[in-house]
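Please read the structure below before turning to the comments.
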Amino acid sequence: MAASTSPETKLSSGLPGLDTMLDGGFNKGRVILILGEPGTGKTIICSQYLYRGAAELGEISMFIGMNEPKSRFTREMLNLGMDFAKLEADGKFKYVDATEVRKIPDTAKVGRIAVGGRELGLVNLLDTIQSSIAKFDPARIALDSMSDLVFRFPSVEERRPVVLDMIETLQSTSATSLLTSELLSTGEERMLQPEEYLAEGVLLMRTLRKGVRTIQILKMRGSKVDTHPRPYVITGKGLEVLATEEVY
Amino acid sequence: MAASTSPETKLSSGLPGLDTMLDGGFNKGRVILILGEPGTGKTIICSQYLYRGAAELGEISMFIGMNEPKSRFTREMLNLGMDFAKLEADGKFKYVDATEVRKIPDTAKVGRIAVGGRELGLVNLLDTIQSSIAKFDPARIALDSMSDLVFRFPSVEERRPVVLDMIETLQSTSATSLLTSELLSTGEERMLQPEEYLAEGVLLMRTLRKGVRTIQILKMRGSKVDTHPRPYVITGKGLEVLATEEVY
Amino acid sequence: MAASTSPETKLSSGLPGLDTMLDGGFNKGRVILILGEPGTGKTIICSQYLYRGAAELGEISMFIGMNEPKSRFTREMLNLGMDFAKLEADGKFKYVDATEVRKIPDTAKVGRIAVGGRELGLVNLLDTIQSSIAKFDPARIALDSMSDLVFRFPSVEERRPVVLDMIETLQSTSATSLLTSELLSTGEERMLQPEEYLAEGVLLMRTLRKGVRTIQILKMRGSKVDTHPRPYVITGKGLEVLATEEVY
Amino acid sequence: MAASTSPETKLSSGLPGLDTMLDGGFNKGRVILILGEPGTGKTIICSQYLYRGAAELGEISMFIGMNEPKSRFTREMLNLGMDFAKLEADGKFKYVDATEVRKIPDTAKVGRIAVGGRELGLVNLLDTIQSSIAKFDPARIALDSMSDLVFRFPSVEERRPVVLDMIETLQSTSATSLLTSELLSTGEERMLQPEEYLAEGVLLMRTLRKGVRTIQILKMRGSKVDTHPRPYVITGKGLEVLATEEVY
Amino acid sequence: MAASTSPETKLSSGLPGLDTMLDGGFNKGRVILILGEPGTGKTIICSQYLYRGAAELGEISMFIGMNEPKSRFTREMLNLGMDFAKLEADGKFKYVDATEVRKIPDTAKVGRIAVGGRELGLVNLLDTIQSSIAKFDPARIALDSMSDLVFRFPSVEERRPVVLDMIETLQSTSATSLLTSELLSTGEERMLQPEEYLAEGVLLMRTLRKGVRTIQILKMRGSKVDTHPRPYVITGKGLEVLATEEVY
Amino acid sequence: MAASTSPETKLSSGLPGLDTMLDGGFNKGRVILILGEPGTGKTIICSQYLYRGAAELGEISMFIGMNEPKSRFTREMLNLGMDFAKLEADGKFKYVDATEVRKIPDTAKVGRIAVGGRELGLVNLLDTIQSSIAKFDPARIALDSMSDLVFRFPSVEERRPVVLDMIETLQSTSATSLLTSELLSTGEERMLQPEEYLAEGVLLMRTLRKGVRTIQILKMRGSKVDTHPRPYVITGKGLEVLATEEVY
């Protein structure tokens, strides 16, 4: 076998422990899925990722918010010590409001053609993403959460193409993207979700029975990673991953 | 990373042990889900929360009752030492009767337009909530239980928008709100319910196999909390959470 | 918090061990669900409850039988030492035969309006209950078993309103009522049934893997109770609950 | 509580160990469900029960065979030492062939009325049972297996009335009846089947993971029984229950 | 009870260890189900059974192949040391190609009557079996695998009559038949499949978590058998059952 | 039994540890299923297999890519030290782009006949495979992943014939083929997927709870193999199987 080529460029996740697990950070240009139970900090991990880029590395960062308006997002993150309003004023951060996707009517009309409202919602979302990217050319993107749209497509054969469209839209840019999704069930035995196969990387965030939260890298193309679940805590400054501790 | 800003304002839950778990109380303005098995005291925890505000802190408190008339609620809680009739006479408490939501006809008419009865029930509930809030301007709200309406929307794609409408109605006020919901199954491995993702905080209340009841904070935006399940007992004065005991 | 008011009036269940678990007995005026696996003695516990009232305390007691005619019920219970025929002759006991609910045609006509037979069955049952209560004014009621009607409404959104109608009919009286229902599955992990949420108290009766039968109070509004599962045996005189023994 | 009345008359099951578990035998006039996994000997236990009556106690015994012709049944049981051909010649045994129930066309006509073939199958079976009972007046009946008809009614709301019709037909006689049914799944956690609730007694026959077969009395109205699962073996003379051995 | 009659005639299975488990072999004239997970050797066990008869005992043996053409079957088995081409030339073996059952069109016409293609497939298969049997009069038959047809009938109420038709066709001959079927799920807790109830014997072949393969006799009418799961290996000469070893 | 014939020709898998498990390699001409969870390296194992043939043994190798364009595949594998661009230039490797299968419209027209888009996708894929094979005559093929088409056929009765068509197309060549598929759920208890029965060999790749990845040979026709699950790691040079280590 030929000698290995130079490894891919890494972007720090903004979480030192997670960077350790990731062998340095997320691989440049990848679309990574953050799949988690409620309350595990999916939005916070996105914010730390964007903040790291915008505040410390001068990279343009974009948050596509599907479940909360900018004001709430900004306030929440300020509580964790991340001042996105200031970053936006500095031109380093852009909040794209995509919350209308939650309120789509059941049917709509595009010109004279009746279209299912949920399909229209998808088309609108993809348009919003593409035009925002064209305008701001971000290095880092977080889309939170695809479940706000995808829940309208409950069967696997409906859900999979929708997820694919979202991921390919993000892949078509030069940005490195995080994409959050909601886990459908708790426990060790679970149905796999199509986004886990379609994304290039998958982080799984769970709360174990005793209340310990864990993060596990299920998948990361182009990178050697630590595949063990690791505990983490949510502090006043965001998530802190304990990359050398075991949970079982 | 910048220094952390001042933490959010806390409202005492009325349960000392739970306040310990919550790092002081519920965060002001949040919508918190109380998700529990039958008999775990979802209504009692709501009442203790409202009583604490109305009787001890002089805050206007409102109970939106979807499964029992005021007379029964008042009697039940009096047995636990909470005299809501007196608080109502003092102008500190308001009981909003929303029990008609349980008896909705299958179809109805709004003007000349036929509407599914269950959708009308939702609209009526939201109107009731909004007009009551406009009238009484409560600091604390408890809605018990959203399941009395939501069970009519059994699939996830139907259920999620209904839950979202309720939560956003509560979020649009300045009150801090509790919202109860029924757990669909027992055990460690379970389907996650959409309200767990849509609410800003989630308390999970269960009865373990041996009969021990536990309360666990699954999610609490804007707050560092104890995520371990903790045992509690129901006494003649309501719930008592044993915040320093372990259950496994 | 104010001092606790006087506790609710208690009715002895007729089983000394269960009274211990219940902190004295069932609370007056409540509707209690007896949820159990096959062969766990749901009917016997109802009979002991009624017999205690009618034979020893002089309270009018009524059994609404949905799955067996009076003759069989009377014979079964006589074998366990409870002579309901004598109590009926003394005017202390009334057997209401509601077994026709099991044999409802699929559709029927009320006047000129076609009605689904199962809905008619529900209406007939509620009428039977109400007119019987009006006539006999019982202090104690047992309805055995709601599953004989409810199985025709298999989805949760159909089943829940039917259960609610039954429970509210029983709540509208001054009697204290037991209502039996069949558990849908064995084991620790199970779907919760809507009647568990709608009733004011729930007793769960199961047969463990090794053949030990257990009774557990899942819920009891207005009362401090023992929530641990306790073993019991069925003897020639009915159920005997071993209220101080553990099962795990 | 009054003194217990005299216990019900018992019929020996033909299996000494099972009689021990049953506190003497099956109660006269009852309809008992034999619910078992494949290969656990449901048919053999029926045969031993009938043989005991016909060959040793002079009781008329009837086998209603829904899945095999008389010739095969007779041959199988002769291998186990039970000569039903001789008993039939002696007028003590009657084999009722109801195997046509397995081959019902999807629709049929009764006079000019189109009837679903499966409903017709049920009607035919009940007619066959009733006319056979009228003709032979058996003391013991075994119907093997109701699943040969009931599988055509897969939903609970369809299945339950069919099972009820069969059980009531058997209850309307003075015979003591066994009724076999197939278990739908293996393991400790399983859906309960409606026949378990409708029959007056239930025996559960299973093969554990290690290959040990167990029999357990889940239910037996009118009788104190041993509810522990007990091991048994199938020998050249039928089932032998080891009533004093434990399996877990 | 009368003395036991002479036991049924036994046919060696071709696997010494399995013969030990079977108390000598398969009972003559029976239809035995081989139910197994992928890769457990269902086809090999059939071949060893046929080879034993044809090559060593001079019995006519017939393989009804539903998922591979004769050429592939012959080649596979030659690798395991069984030369079926030679046996066929000697008139001891017949390969019946029934692979067209996998390729049935969705609908077809029988004369002027439109028939669902899958029903036609069943009719064709039964015709093929019957005419082949009439022509060759085999002592041993293996049909591999009924799942190649039955998967088109996914619900139990559809699947059961189809399985019954196949089994009865095989029972109507004087041959002793093996019939393979695919297990639908792994693990201890599983849905039982109708063929397990309809066949006269059932062998269950599984791969345990650690990779050990086991064979277990779940059912065998007319025979005392070892019901414990036993380990086996697949060697260059086929399956070798370790009839005295335990697996748990 | 006759002496065993000469074993089948083996092709090295490109992974030394896996070759050990396989008793030398994959059997020539077989179609092997690679069934795995997300992130377990299904694509990498295919690449190592093709690279081994093309770069070291001079065998024509073909990759049929259903979920990524050639450019991305080439780049990913170059990172792991496999230069497929060079191999393609040397005429040893061919990338067949079948990604259009992911984007099939719901309906299409073949001439004047409306065809379901998903069926057309299948036909197109099979045509692409066949014409590519005719043109390049590969010794090694990898198709990655059949799930990109098959997810459109979610029920077993739809899915099975589609899988069969793919496998038979690959079997009709003289190549040795790998075919990847996505596992539908995690854990020990799972539904078996039809491709596990239809392929001639099955490798199962999973991530255990603690993060250890394992590979297990569930099935391999024509070969004695190690059936134990073995751990493996993904390094900068691809998968490394630890063929002598145990995982439980």
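As written, the chains take the letters A, B, C, D, E and F, and residue 1 is the first residue of each chain.
Rule of thumb we're sticking to: contacts are C-beta pairs under 8 Å (C-beta built on N, C-alpha and C of every residue); 3 or more make two chains touch, one makes a residue touch a chain.
This structure is a prediction, so every number in the text was calculated from the model and none was measured.
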Those chains which touch subunit F and also touch subunit E: none
Interface sides of subunit C and subunit D: same vs different residues, half threshold: different
Centre distance in Å when subunit A and subunit B are each reduced to the mean of their C-alpha atoms: 30
Gap in Å, rounded to a whole number, between the CA centres of subunit F and subunit C: 59
Intercentroid distance (Cα basis), subunit F paired with subunit B, Å: 51
Two or more partner chains touched - positions in subunit C: 188-190
Complex contact set, residues of subunit A against subunit F: 1-5, 7-8, 155-157, 160-161, 164, 188-192, 194, 196-198, 201-202, 216-222, 224, 226-229, 248
Touching residues on subunit D, where the partner in the complex is subunit E: 37-40, 51, 55, 67, 76, 78-83, 102-103, 145, 147, 151-154, 182-190, 207, 209-213, 234-238
